[in-house]
Amino acid sequence: MIYITRRETFNAAHKLSRPDWSDDKNENVFGKCANPNWHGHNYQLFVTVKGEINPETGFLVDLKWLKEVINIQIIDKLDHKNLNLDVDFMKGQLSSTENLAIAIWKELIPHFEGTGATLHAIKIAETENNSIEYFG
Amino acid sequence: MIYITRRETFNAAHKLSRPDWSDDKNENVFGKCANPNWHGHNYQLFVTVKGEINPETGFLVDLKWLKEVINIQIIDKLDHKNLNLDVDFMKGQLSSTENLAIAIWKELIPHFEGTGATLHAIKIAETENNSIEYFG
Amino acid sequence: MIYITRRETFNAAHKLSRPDWSDDKNENVFGKCANPNWHGHNYQLFVTVKGEINPETGFLVDLKWLKEVINIQIIDKLDHKNLNLDVDFMKGQLSSTENLAIAIWKELIPHFEGTGATLHAIKIAETENNSIEYFG
Amino acid sequence: MIYITRRETFNAAHKLSRPDWSDDKNENVFGKCANPNWHGHNYQLFVTVKGEINPETGFLVDLKWLKEVINIQIIDKLDHKNLNLDVDFMKGQLSSTENLAIAIWKELIPHFEGTGATLHAIKIAETENNSIEYFG
Amino acid sequence: MIYITRRETFNAAHKLSRPDWSDDKNENVFGKCANPNWHGHNYQLFVTVKGEINPETGFLVDLKWLKEVINIQIIDKLDHKNLNLDVDFMKGQLSSTENLAIAIWKELIPHFEGTGATLHAIKIAETENNSIEYFG
Amino acid sequence: MIYITRRETFNAAHKLSRPDWSDDKNENVFGKCANPNWHGHNYQLFVTVKGEINPETGFLVDLKWLKEVINIQIIDKLDHKNLNLDVDFMKGQLSSTENLAIAIWKELIPHFEGTGATLHAIKIAETENNSIEYFG
């Protein structure tokens, strides 16, 4: 069993605020992350896949394929977007990094069926100090 | 003459788009940076100051003071904000990193008068691949 | 189950040397880390907490709270300090990164009781080449 | 149980190509990594060892010893070398990062016998975006 | 006058050795960099351009254009290549980072004519410890 | 004219405090950097040298030689040392990064005489946020 991790990046806007709460309550709970006019981040996404090495190629998975799946399914939908307004798979959810990690997991998992590789972890670094990891 | 550089960070939303241009023209010129719903970055700001060492302290400037000036004058106004909507000193300007660097220079320069230290450079790294530097 | 990691930094002095050993033996075992006049590091501390997402906030824990706990319980006691002389929870122990990681774990663990979140890992990077991880 | 990770680096050339395949097939499967004239990387190797702390020293293992083992057994054989042509323990294998991680594991494992420490993980970062991890 | 720096990366093989010198002399002068079977690096290229801001766009230059010029003229010719064998503009030269920086300068300079922007610096980081800068 | 920069690192203890000042005054001026029991840093030293390329080797200077000079003259005297107590060339000076940069410049400058290369800059990064640069 071997593990491969691919890093991709995306730059997005978001805010943490519930429409069913007052501005005061949102600011009280979410602090400056609740700024009504949004803020944003350079997110780093780390996708880890595990499985056996294909003896013919020496690869767990073809990195070009892994990169393409992550870009088409995730990065193209998040990069230079608003996580609250522009992203189908985040609709109706708070755009916390925790929720985003789980949503990305759910988007990616079907693409590994029948490939011999298994999705192992989604890690998102929101800043150099904060990151989230999800293992399904 | 010695140079000291202080790094501070801020996370902000912005978009590149001119209200006097059509959506099509904005997208044609500014690409995905023109997304009407904004995107954002973890910006790194590097402020470089030059001058002579104070022999009494071994310092060019007191870093606590430098940090405080940068935070009060710049970071508090940019962090978790929208560069187009929330920032007084960016009003009426395109929120390009180039314009932002010059605007920060203009905000900071009066605070060095009479300190014996001179503002030397403003550098902003917008992503790990793109940065802007301005020397006045 | 989701995992959140918060990074904080502290700059401290220490030395590795046992008072019950001769200088020669200390130098023989601990090498240049035994320098009687101390040396120091920019330590990076990574605290990882795990648990379920609070559906009301989308958070595992409130990062402001996590940051405050780490700073009050740990960073304020270590930053710009001497790990051998100034730190209550390191008294009587060799200031190896291994011992420091376990001591930080013990200091932090009571603060997660009743929070719904569980302390998962303490990681300390002493240099860009050396790091220690402890899982309790 | 505590974990220590030591990072070492090496700069090496390699290519991904099977002598029993045509140039076309190699390029089709391995893309630009199949360039007949080689390419290369600044590899980062992370060796993680686990075990109990020695109460006499506060150490899991003596880092000077760990560093020496990694350098003599691995780095000296890989640094400024060609992974396909110059490395005994990679002979007859495709020089994928996956195969390299497993080969390094096999080279290092005998050196931990009788030390009280156990090899836990070999991680190799080939670029800032791609890394492989192996746990035996 | 404002400065913009774009980072691009390439992974390449090379060796330092003169065909008119003996193997012994090459090894004596160039050390392990003379390994006949090559070695390689993850090179980072930083291209700095200077000029006036276009008031219509807030840009010094269109980053998409700058990125394209660097990729077509330089990166596509260096990435996953052998600097000694595969690169037209390095033919007949020792593949030192110094020579490479000057060669890249010469390749790029014609592309800035008539653009209003001026090439200011080529910086190449060969490892995390070594870098070269050239200003024409 | 070309520029080469070599990075070396050292881990040292220090404090900022004047023996001719009271503890209160030292703490008032130098803040937590005045802690009587010392603190420390992982310093990064960047030495930049400029000159013409030697056409025989393609080098500005032999990096092995440059590395050796920096290590023998500077790093061996600073690494795992106390900047206030253990370092001849810092005796009688406040161990500010500013003073340290100038002292390193003075130590290194004689070693470039007659080499064809000129010392251009000494840069010291004390933390990820603070750095000093000196050009003689």
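Going in written order, the chains are labelled A, B, C, D, E and F, and every chain counts its residues from 1.
As a convention for this text, a residue touches a chain if its C-beta (ideal position, glycine included) is under 8 Å from a C-beta of that chain, and two chains touch if they have at least 3 such contacts.
This is a predicted model, so every value here is computed, not measured.
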Name, by label, each chain that touches both members of the pair chain C and chain D.
A
Hopping only between chains that touch, the fewest steps from chain B to chain C number 2
If you tally the C-beta contacts for E-F and for C-F, which one comes out higher?
C-F
Equivalent of C-D within the choices C-F, D-E or A-C, defined by over half of its residue contact pairs recurring:
A-C
Copy-to-copy rotation for chain A and chain C - C-alpha atoms, rounded to a multiple of 5°:
120
Copies chain A and chain D touch via same or different residues, half shared test
different
Please flag the chain sitting at the greatest distance from chain E, going by CA centroids.
C
In angstrom, rounded to a whole number, how far apart do the mean CA points of chain D and chain F lie?
34
Rounded Å distance, chain A centre to chain B centre (Cα mean)
28
Multi-chain contact sites of chain F, meaning residues that touch two or more partners
128
Inter-chain touch pairs (all):
A-B, A-C, A-D, B-E, B-F, C-D, C-F, D-E, E-F
Could you pull out which chain D residues touch chain A in their complex?
16, 29-31, 93-96, 98-99, 101-102, 128-135
Of chain E, residues touching chain D in the complex
9, 11-14, 32-33, 35, 37-42, 79-82, 85-86, 127-128
Any idea which chain D residues touch chain C in the complex?
1-8, 48, 53, 57-60, 62-64
